[in-house]
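Per-chain numbering from 1; labels A, B, C, D and E assigned in written order.
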Amino acid sequence: ETVTVFAAASLKTAMDGIAPLFEEATGHELSVSLAGSSVLARQIQQGAPADVYLSANTEWMDVLEEDGLLAEGSRVDLLSNTLVLVAPAPAEPVEIGPDADLAGMLGEGRLAMAMVASVPAGIYGKAALESLGLWDDVAPQVAQADNVRAALALVALGEAPLGVVYGTDAHAEPRVGVVGTFPEDSHAPITYPVARIAGQEGAGIDAFLQFLQGPEAAEVFEGQGFVRLGG
Amino acid sequence: MGWLSPEAWQAVALSLRVALWATLVSLPFGIFIAFALARWRFPGRGLLNGLVHLPLILPPVVTGYLLLLTLGTRAPVGGFLQDIGVVFAFRWTGAALAAGIMAFPLMVRAIRLSIEAVDVKLEQAAGTLGAPRGMVFLTVTLPLILPGIVAGAVLAFAKAMGEFGATITFVSNIPGQTQTLPSAIYAFLQVPGAEGEVAKLVLVSVVIALAALALAEWVGRAVAARVAGR
Amino acid sequence: MGWLSPEAWQAVALSLRVALWATLVSLPFGIFIAFALARWRFPGRGLLNGLVHLPLILPPVVTGYLLLLTLGTRAPVGGFLQDIGVVFAFRWTGAALAAGIMAFPLMVRAIRLSIEAVDVKLEQAAGTLGAPRGMVFLTVTLPLILPGIVAGAVLAFAKAMGEFGATITFVSNIPGQTQTLPSAIYAFLQVPGAEGEVAKLVLVSVVIALAALALAEWVGRAVAARVAGR
Amino acid sequence: MSLEVALKHRLGDFRLEAEFAAPEGVTVLFGRSGSGKTSVVNAVAGLLRPEAGRVSVGARVLQDSSRGLWLPPHRRRLGYVFQEARLFPHLTVGQNLRFGRWFAPRGAVLPDEGRVIEMLGIGALLKRRPGQLSGGERQRVAIGRALLAGPELLLADEPLAALDEARKAEILPYFERLRDEAMVPVLYVTHSPAEVARLATTVVVMEDGRVRVAGPAAEVMSDPHVMPLGSAEAGAVLVARVVAHHADGLSELEAGGHALWVPRVAAAPGTELRLRIRAQDVMLALGRPEGISALNVLPCTVSEVRRGEGPGAMVQLQAPGGRILSRITGRSAEALGLVPGLRVHAVLKAVSVARDSVGGRGEAGHAKGAGDAAPRSPSGRG
Amino acid sequence: MSLEVALKHRLGDFRLEAEFAAPEGVTVLFGRSGSGKTSVVNAVAGLLRPEAGRVSVGARVLQDSSRGLWLPPHRRRLGYVFQEARLFPHLTVGQNLRFGRWFAPRGAVLPDEGRVIEMLGIGALLKRRPGQLSGGERQRVAIGRALLAGPELLLADEPLAALDEARKAEILPYFERLRDEAMVPVLYVTHSPAEVARLATTVVVMEDGRVRVAGPAAEVMSDPHVMPLGSAEAGAVLVARVVAHHADGLSELEAGGHALWVPRVAAAPGTELRLRIRAQDVMLALGRPEGISALNVLPCTVSEVRRGEGPGAMVQLQAPGGRILSRITGRSAEALGLVPGLRVHAVLKAVSVARDSVGGRGEAGHAKGAGDAAPRSPSGRG
């Protein structure tokens, strides 16, 4: 049996790690379609053959839930992530708080973020900066990328002296260093929910949902810098 | 084979299939519409022209969404098509459709330019020799616009090989089914430090497209030389 | 004005500026390269042809990334340009550059097709009348390929209006500076329930592009009629 | 099959308003550059759709605006030799030649390919493309293409203009045979009076989009009011009958009871021919001249003497077999005392009966001719 | 300025290997379709780059492959009337006409625009585009475009082929004036013997890519070995001097002490002219004929009698003022007992001195002429 998973593109590395483990452990096959969470959600709305949806934010999962497209009771908050400030490596750590002189650190440079109004990493980032009272200082200098990996790339290439990305991204990119982690309470919790799509049934799907919450998957996720929730 | 993962080879094969089909299937339509736009005056001509160009104007993602909204399995048209056994959504056929639509304006433009350059007097001469309209088209117009058709086809093929936004939005990114080379590249771009993989895939895609381009140049030159009588 | 947010209007204005500049500035280069590809045989011709088509073949994000790698402020070329006062990164000029590069293959193809359709015998006739090469080009070739130039320009303009992937990767999305219409549309697409906003922006972009298209049709027809002597 | 044409059309400032009817045979459109000849041919071909008009060939009505009838070109069974060759650049010469055959209706009478190719001297070119031909070669292929389509109506717009005299002499007989044997009606545009004289059954003289004169070739060509218009070669057409062929290469003809000698013509004794006599080639003598090289001396009566403004005079003569013209100087006309009614001798040198003026029709354009009358001895003039 | 051409080139199976030198004046390329005329002209224009060759005009070497010298077309100061008009479709007729002027070097002698336009009768077309012209109109504009560029070397490839006789008669004198007054060397392709006779200083006869004969016009045209080749109009050129103009519209000329009468020529008394006498227009008589309409009777001596295979004979005569040819029947030659040395009378009708055979050069192609000798009375033949 093949299980088709629609997963947020930022989970590519993790899914690549999990797939062979899952297949070996259960004998089922895994097919992972990676794209933006919003794209995937809309596709599910249009009848995409997804068995499982793994979103990078709660909003689109909520939308599907309201549409009744999720199998009842299957939704689980699977992972959590941190939000960090990165600079080209080696980075000098700084305490991220209301007193941080972000503007000074930027100088003429840009602050790389994902789109602050639409892409989750950007939304969280903007909220965090606002809650720390730093947003207005840096707003004119924010360069918004279409996804968080692109923001990361800007920093990795040295085009931007600073960037706001997920902890997992910073973890995986050797060319950047973490300047500091945003306080957990400066933004809404960063949650990756997973759910089964209504009407899709099978042993493989159940096995996969279970496997995701199991220890082998946890090892992969944590190796990436994710925080396991619930399970 | 070890050089690329099996999944990547799958994406290469799929992309080739998608681009070839997209090009070949859209070609007759492209020729017909180019001809209509170049030669006929009819109500709705401007509209048709706009429609053809739409995929160029809109961000690809929007085109993808529009396709999803009309041809998705839950959409009226898509549902109807599904009932008669034609499914695009989340199939490689859908990828071909998206690529074909994205490439369509390029193809139509090239062919239309060629048609506009054809000397109507030659078609008239064929008419006086007894050739009915359709035969005039087949025996005179078509051979004369061959360079434009080749150019249009190669543009379309290249675009179809590179098309990403509309495709991933319409048919998603399912390995072996809808994951084309650009989608695979996109996925790898999500992985920090996977530049090596990205470069490999880009190289494959460039090599394929350049080969197509060289072939087209060669065909185009042969055709042009024939017509110029060299 | 209340119909769209001020930010959206900014994006509209910026997109127009970007597309116009991208088209106008790339036009001379497009004409030159189309001419070179159509008429000259030189070593590296195939390479040049491939290079021109590259943006069509590659996923736009890759093109954007390559631009970043070569023309970013930290990149050698970009750094040099910055020293002499030319900055693309995070500027609207960079957006125009990205759009121009993405549109370049379309423009070159259209113009090249026109050049290939020009009867060399007319250029020869101009030569016998004393016109040196450059003047032959200006007085004979250029007017005869005007339809192709118009077609190439409108394709380029439309593509530049719709280009998104390369632009946002290269210059990201800074409202008022690099946020083009497609970036704005993309942003709204990420948000559930913003379909209304998306539709409005799409409408604006379609209207602009169709206007450009209609203008081009009109110019193209006038030019063609002049040449056909109707 | 008769050809009837009535057209009204406007092209920019130019108004075409042409109307003529011609009996079967070759109808020549004659007239100055820009007078509307090509426009008429295009209308007959269906390439120019006139604002109003009617065209019919025999019983076949090709178009009639009053009845809203209009046959598209491909249903008119045409062969059209365009003023500019219009060959298909992407096809070889051979394919160009055969193009019309692909679309000829079953049962159409198609001329022999090899014979046409040989006549046109294009056998060596069949594999080439039009871009690799000389101007005259292109024109010959265009003629071949039209002929080989097996048309029921042949349109030819200055088909021989780009060819040398020798080549013309090889092709003209083919048009004659078409006229006489295949009975294909031909609409032919030319600026050459020699071609008019040789081919025309009917001549239509165009001027400024209108028909100035139309009528049987002999009449139009011997009308002194028409000819100064376009040509230095006014002339008349005499009808003669072949009597015998002699061993020294001459043929003996008879016109109105008088003998005429011309270089051998390829027509059987008894055949009626028309001979073209250019006004310029007719000398007048009061008495019958002796000891001269001219073999043909005809007794005539002066019927009209027209003095021009210049030094010339045109004398119309009643000769045995028809009316002829003689162009002499006014001075001679006075010296000889030419007045209507005077009996004179018209001196025509045998060789001045121009070779290409020997046509194959008995009574110009009105009776059915018999066979190819063109003399085929290429060095017959040496 | 003399024109020297030596070319070797291969086009497919066709080998061009042409070499000739011509003195100043008009050099006519004459030869059958496909013999290589256009190729030679293209090479002189620099449009065909021959594998080997040399072209020079006077002291100006345009190309010389042995020295690796090759001037591009735009530096050759040409006017080229192409076989197919090649007008610029995007420019109006007026702009086409002025095209060459935009690039003429400062100080170039440019002909008067109005005069050329009037001569060509294209004044009404200036605002149109080439697509709106008739075939002959296009050709006339092409001629105008080449002339108005003020070229130092004029190339004309069958420039008058598409035109009616009257229009030709209006344009030919312009080429003559170019030859005689402006001293522009002209390389001219034509199939028309009348144009050869009128314009040619030198005739180059091409055959299969080679030069068969090249030489002064009078010699080549009166060479009975050359002329059967291309033309029914063999003929000779006589040199004559204008004596007086008479009130009845005739001009009196003198050749070798004998009077000749022709329709008024526009040349001052004393001017030397060349007269074209077609072999066909010369009748022979043993005694001096009386009471005939021909004004011109010249005493001659038979120098050669050539019988062809056919019924004709060509008689070469020593006439006052030069050598002329007479074409008669073999039967007449026998009847008159023509043998070399016999004294006969050549009868030429005044009007048979063809109007367009009156050229402006004294000794054909070798002395400097004087003025426009073309008679301009349009109805002078009536």
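To be clear about the criterion, a residue touches a chain if its C-beta (ideal position, glycine included) is under 8 Å from a C-beta of that chain, and two chains touch if they have at least 3 such contacts.
These are the chains along with the protein names UniProt gives them: B, C = Molybdenum transport system permease; D, E = Molybdate transport system ATP-binding protein.
Note that the structure is predicted; figures quoted are calculated from it, not measured.
Colleague: Give the fewest steps needed to get from subunit A to subunit D, where each step moves from one chain to a chain it touches.
Modeller: Counted as steps through touching chains, the separation is 2.
Colleague: Please find the path from subunit C to subunit E through touching chains that uses the fewest steps, and give that number.
Modeller: The least step count works out to 1.
Colleague: Work out which chains are contact partners of both subunit A and subunit B.
Modeller: Chains in contact with subunit A as well as subunit B: C.
Colleague: Using the touch rule stated at the top, which two chains are linked by the largest number of C-beta contacts?
Modeller: D-E
Colleague: Compare the CA centroid of subunit D with every other chain's and tell me the farthest one.
Modeller: Looking at centroid distances, A is the chain farthest away.
Colleague: Roughly how far is subunit B from subunit D, centre to centre by C-alpha average, rounded to an integer in Å?
Modeller: 57
Colleague: Please work out the Cα centroid separation of subunit B and subunit E, and write it as a whole number of Å.
Modeller: Each chain's C-alpha centroid was found; their separation is 61 Å.
Colleague: Subunit A to subunit E: how many Å between their CA centres?
Modeller: Spacing between the chain centres: roughly 91 Å.
Colleague: Averaged over CA atoms, how far is the centre of subunit D from the centre of subunit E? Could you give it in whole Å?
Modeller: Taking the mean C-alpha position of each chain, the two centres sit 26 Å apart.
Colleague: Could you check subunit C for residues that touch two or more other chains and list them?
Modeller: If we look for residues of subunit C contacting two or more partner chains, we find 61, 65, 165, 186, 189.
Colleague: Could you pull out the residues of subunit D that touch at least 2 other chains?
Modeller: 128, 132
Colleague: For each chain, which other chains does it touch, given as pairs?
Modeller: A-B, A-C, B-C, B-D, C-E, D-E
Colleague: Would you tell me which residues of subunit E are touching subunit D in their complex?
Modeller: Its residues touching subunit D are 11-13, 31-34, 38, 83-84, 124, 128, 132, 134-137, 139-140, 157-158, 161-167, 169, 191, 193, 224, 228-233, 248-250, 261, 263-264, 280-281, 283-287, 289, 291-295, 306-314, 326-333, 336, 347, 349-352, 354-356, 377, 379-382.
Colleague: Applying the document's contact rule, which stretches of subunit B touch subunit A when the two form their complex?
Modeller: 61, 65, 68-69, 72-75, 78, 89-90, 168-169, 172-179, 186-193
Colleague: In the complex formed with subunit C, which residues of subunit B make contact?
Modeller: By the definition above, subunit B touches subunit C via 46, 49-50, 53-54, 56-62, 65, 105-106, 109-110, 112-114, 116-117, 147-148, 151, 155, 158-159, 161-162, 164-165, 182, 185-186, 189, 198, 202, 205-206, 209-210, 213-214, 217, 224.
Colleague: Given the complex with subunit C, which residues does subunit E contribute to the contact?
Modeller: 45-47, 72-74, 76-80, 82, 86, 88-91, 99-100, 102-105, 128-132, 145-146, 149, 155
Colleague: What residues of subunit B sit close enough to touch subunit D in their complex?
Modeller: 121-122, 124-133, 135-136, 139-140, 143-144, 226-230
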